[in-house]
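Next up: the structures, one after another.
Here chain A shows up in two complexes: once beside chain B, once beside chain C.
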Partner chain A sequence: MSSTRFKGVRSAKSLDLAREFNLYQRSWFAEVQARAAAGGPIAVVNADAPQEIFRALDIPYVVTQWWSSVVAAKQKAGAYLGHLEALGYPDTRDSYTALAFGSSLDERRDSAPWGGLPRPAILHAVAGGDGMAKLFEAWAEHTGADLYLIERSTSWREDIAPDWWAYSHDRWDELIEPDRLELMVDELKGLIRFLEQRTGRRWDEARFRAVLDLVNEQEQLYLETRDMIATARPAPVSIADTMPATMVPQWHRGTSWGRDAAARLHDAVQARIDDGEAVCPEERIRLMWLGVGLWFNMGFYEYFQASHGAVFVWSIYLGLAADGYIRHYRDDDDPLRSLAARFVNIEEELRGPTWSSQWHLKEALSHGVDGIVVLDHLAYFDRLAFKRAGLPVLELGVSNVDPRGWDDGRIRDQVTRFLEREVEPVAAGRRGREGTPRTE
Partner chain B sequence: MAGESIRVGVVGAAVPSELVLAAGCEPLRMSGRARATPLVDAYGFEELDPSTAAVMEQLLEPGHGLDFVLIGSDTHAQTVLFRDLRELQRVEPQASVPPFALVDLLHLPHRTTSRYNRGQLVRICERLGSWAGAEVTGPRLRSAVTRVNSTRRLFGELARLRRSLPARVTGADAVRLIGEALVCTPERAQRRLQELLVGEASLPRLDGKRVYLTGSAHEDDSAYEAIEARGYVVVGEDHPRGELAFAGAVADTRDPVDGLVEHYQYAPLPTRLSSRRRGVLVAQAAQAAHADLVVCFTDAHDPATPWDLPAIRQALKADGLPLLEIGPDDLGAL
Partner chain C sequence: MSELLESLRRRHDQRDEFARQWSAQGGKVLAYMCDNFPHELVAAAGLLPFRLRGDPSAPASHVAQYVSPDRSSTVAVPAFVDAMLEPLLAGAYDFVDYVVVPHGRKAIEGSYESLTRARAAGTPMRDVKLFYLDKSWVPGAASSAFDRQCVLALAGQLGEWARTPITEAALAQALAEAERGRALLRRLNRLRLERTPRLSGADALRVYSLASAMPRVEHNRLVQEIVTAAARLPARAGPRLYLAGSPQPSTALYELIERFGATVVGEDHCWGARATGCPVPPGPAALERLAERYHRTPVCSIEFPLERALERWRASVRLARPDAVLFFVVSGDELHVWDTPEKAALLAADGIPSLHLSRQGYDVTGRELTDAVGAWVSGLS
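After this line comes the complex of A and B, so read on.
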């Protein structure tokens, strides 16, 4: 099969929830399209932007990276990136975001995934990296949307607490430089004023607090679910289940549906553990997936279950939900500060050398992972941390949304060799320590 | 001047050298000129572009002669450099790496950004003061602003010579002068420029086709040499080691920090400008320099210029200026 024509494989999910959540997402998206068609303002925002502001103001929003994942899953990435190329924009940079921009240029709604992305009235992003602000500027120019960018500051502390997750829920103001927190609070105030004026909506502080409380409840349920999966042997579910079952409700955080969806995932995982159900009863190898979801080929995560008893048990989606989002605040606090605290350091948590590498290691160890498969390339300090812990790593060096570079046969061979030569000895040692019966 | 021998490496264009001078130290803009980077390569750091990797290589090598380093955030790679160095010193400390700090100046055109940047400059003044053992006072800052503004004025004169018809200074000579000024005292840079300006009448008349250079940053004069060896003359550019390095003047404000905040927040860094603004500025600068054509040179590690290109094309088309788009492999085929 030519790598440029690769068509991904859907995953066979153990939980019905992901399917059900997807149905809800479809009906929600149809409602967003209807509101857009009726002339209501629709926002498109990046995943690392403070969506809670839009929620509190009842402005429907679509998350760029979620929409890109839909486009990729519908095998439209090549065509949509081609739209950008035709206009002279790069088709290989920031593709997880650029793909959604490319889809905005598709005028053929009948063949677009889910009827197509509604024309946004508002685009919002954090001005991170060197290209993101420019990408959004071009997107706004081609759609006529109003663009509101906010700053991304960088942590300048010279000594940084490696175990940020121990502070982030309740002692977040100890983690963040005061100036950075103040900047984000100021940026959020500006965003609120802009949205009030642009949409005519009125800010309701009580509603905002209710949104934040729902978010904290939802993420607390993810934390408990994450911890259950970490300790259960064999794994009750794989990331083919948890990624979509976490990602879709994550974009509804701040609603009772989002909170209830997290509760249902929590209860479903608990029930499978109680009933002794496993995604791979002959589980021998536990894997960590480092990177965003491989949306065009979710079946990849199940390729090696039957042949090697290898189960992907960890991804950032549930992990970050558990450690990265909860921000408690007191009744006498300005709740905006807690929202700012959620987003000031999110890039540092995901990609900063200290925080991401130490967090990845903590999660790998707590989940009893035997090896790490990396979507793209691994940062040096992650590699060092895993090496010191004796955990092998495989870097695939591929895009998660662009199938043009995916060579399925080569990657299957690569992972097979990795599992057999490097991971299996580690897994055997772990199974021995844990007292798991050897199945070989 | 006491303390002048304290050498502070500066990474990036939006790190105010005025602060370093006010602390009685010597600012030296670090070069990202292409070089072998075996020490960096051994780590395999991700997200470092070649020029930032070259800077890191110098910091990992003994004998760089720097006492301290200030790292800016003009590009994502520079913030990565800071974070990588910080983590390296935490887990595998390298004796060659001098004490360093991040200068996190941001560039959206808002008051919120100005207030944040002000805090950054005050913090860096304190850090420099502790490094140098000398308080960075208002009068010392004002004096430093005056010293660098004098250099800026003379570089304005150099830009005039490049823009004149015919041009009197080659682009390669201009970027070499700028490069020298980034690693010496303001007074030495001024002497060098004054020598050239005094002899203005005897400068050559450069009649080649006039090129305005945009696109990715250049760490040395090699692209200029390649272009000018073919009979062209580069009369202006918009990268941070070119004319923009000393463009404008820092305003004389009651508190000199305010003038510095204003100047560096709005510094026209290609990575931080809006695409439309960049297109407009390129077209205006090319017209002001009487350019016959604009060359956009894009290297593979530049995440910003590819997004700017449609806006640059549009702005130049409106002005009727031809645009040549080239990559590193195309220089030889000009």
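After this line comes the complex of A and C, so read on.
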């Protein structure tokens, strides 16, 4: 039976950084609230939208999915989704985004997480998914915000480079079809004009280039951190550390704080490796988490460390930062094209057939992963790729922000069986190959 | 006239036969999904455009075996999408040579992957060639330019498949025939829009459905016959209903409603009167005109901004002058969930009563649904 009153548990962080970043985030959010209270324009934008435009124009923005993660962590998801249901909107679809909309309908600021989401002046999203555009339009109508939607084209070609990540940093114009790039460049220009008119700010290309350079620096540091974690045995940190320590600064990318936060994560991981510190000294099993963060129950990622020596070593947050975000460009390039190149393909990289399967397999192998736990359901080609590589998969089929369908006892049992029956033999083989001691 | 309608119903029951015969005579068949598709290009290339349709109330065993287990739960898939895939996966559509998957709703778009994965997994489907037709739904010049490129890419692919480029003359002829067809369908649609309807919604739906399964010249002949003989049709009494919500590829729901004496005089789904609208804009070059139509056509419920979509919807409802509106949304159809409150508010402002049936199935033979629809329609009478 599913528990409707499940309250998640927090993870015990190995790094102090995540706590520090969270403190910074609270102070930054208070500043955003103050600017909103003073009548300044605040934007709410989706995670897969080109936030660098807002950064370059100095328009404060809150990322929808980050805010939903806060709401979920504060165990307010059920109440906020209930607000939507009361108005006749669905409470079970697109919940990672809808939750933020639902929170906008909460009039009781005193009980809202972090004092509540400021009323946005601008909403911005990529019109992906069947309901996304309409969800944002309904949100705009209820808050009085101006909405700017952009399209993202799709590629289903079957002749993609099998190692697209090798092209994505420097040779992205070979990877992405010119028409798709041009569409997004034109849409970005439209977004800039809209924001200029709406806020009175003026576009400055030199400032934009500085933002892009900071982003590339930040993501390069994530790449190096990702690579360190991939090869370190045992893992110096788990994703309970790296997910928040990557996600929070990711929404500050294009600032020196974001870049420096990435450097601090890099140095902290390096120091733990140098000092021989491990998140689970008795590490026996290395796991990949496929899906967005389980924000209402971050403690889940540590459930099986003590009992099975099982450590979640990989998530998309650091992985995508490393392979999906860096876009170098030359002085004589149009920098907007490099920004477009960051976002045109992001859906394919994460979910496109064979794009994502090739990348997920590469990441699993490079991290010495023994099994994969999937938040939702695995795509066919991912399943095929993992099967051929002999890596077992467990699909949880749950929401990452809505705890109403989370049955903690059932899921613990399910994962335990998975680890003991399917993953442990693979892990034993890997440990044997790597020369790490067997601890049967 | 009744013979003509009987003949229409028979043809509709064997909707695939035209394509089968075309294929048997050596012609190539291109199947597509969604109503916003530049089928004139296909006709100009000498292929038969055939809009996929299946029976969404029937079990889709091949989809269940080869596709459903690997689906993401983040993309809801209504049964009408599975119904389109099922005959392809089962090998029943052995007359189909090519399939174009458009950028429609996510579930439709995902059909490209479904077909690819099912083929890889060993489904008995024929080895059809696939093409993805993208579209930017956002209004504006950038989208227009992108959509034009998409149509040009399709034209290039069709030329390759047909082994000869599409000529301007062939395309102009296909456009003219399609425009004539739309004009005829508008005349046909008036038979149920007039104050006293003469054509049932179910029969109108059959005619629209056949438009995407027959060579256009033959279909135009059929519509012309019905329109010419319409004066002999008896007047239909009873309440006028507008059907809103999910696509209705079969006539089952219409027949259920009309069994209680009502007439479905209008609808907003993609198997209905949308077939009459969105003319090709004028211009000197046929391909450019078609590309612009493809860009402008807002037929899918994905249309935005919401304000414009609601205005268009309200105009469509008002044109039909219904006594009531039935919202019928099937499970997994997410396009209607976010704008339903606004649509309901518009109806309330116009004083039109409505019934909202959500999370429905396509099998409309159940007692509960029959009773609910019957009681509601009888109440309107």
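What we mean here is this: the second predicted complex is superposed on the first by the 435 of 440 C-alpha atoms of A that agree within 3 Å, B and C clash if a C-alpha of one lies under 4 Å from a C-alpha of the other, contacts with A are read in each partner's own complex, and residues count from 1 in each chain.
One rule holds for everything that comes next: a contact is a pair of C-beta atoms (placed from the backbone, for glycine too) under 8 Å apart; a residue touches a chain by one contact, two chains touch by 3 or more.
Since we're looking at a predicted model, the values are computed, not measured.
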Clash or fit, chain B versus chain C on superposed chain A: clash
Which superposed partner A:G88 touches (first chain B, second chain C, both, neither): both
Partner chain(s) touched by A:V44 [first = chain B, second = chain C, both, neither]: neither
Which superposed partner A:G397 touches (first chain B, second chain C, both, neither): second
First (chain B), second (chain C), both or neither touched by A:L183: both
Partner chain in contact with A:I160 - chain B first, chain C second, else both or neither: first
Chain B versus chain C as contact partner of A:S357, first or second or both or neither: first
Residues of chain A at both interfaces, chain B in one complex, chain C in the other: 87-90, 93, 127, 129-131, 133-135, 137-138, 141, 149-151, 153-156, 158, 179-180, 182-183, 186-187, 190, 353, 377-381, 383-384
Of chain B, residues touching chain A in the complex: 43-47, 73, 75-76, 79, 82-84, 86-87, 90-92, 101-102, 104, 106, 108, 110, 112-113, 115-116, 119-120, 123, 271-272, 274-276, 302-304, 306-311, 313
Touching residues on chain C, where the partner in the complex is chain A: 67, 70-76, 101, 103, 105-107, 109, 112-113, 116-117, 120-121, 130, 132, 134, 136-138, 140-143, 145-146, 149-150, 302, 304-306, 334-335, 337-342, 344
Residues on chain A engaged by chain C in the complex (per definition of touch): 87-90, 93, 127, 129-131, 133-135, 137-138, 141, 147, 149-151, 153-158, 179-180, 182-183, 186-187, 189-190, 351, 353, 376-381, 383-384, 397
Of all residues in chain A, those that touch chain B in their complex: 87-90, 93-94, 127-131, 133-135, 137-138, 141, 149-156, 158-160, 162, 179-180, 182-183, 186-187, 190, 348, 352-354, 357, 377-381, 383-384
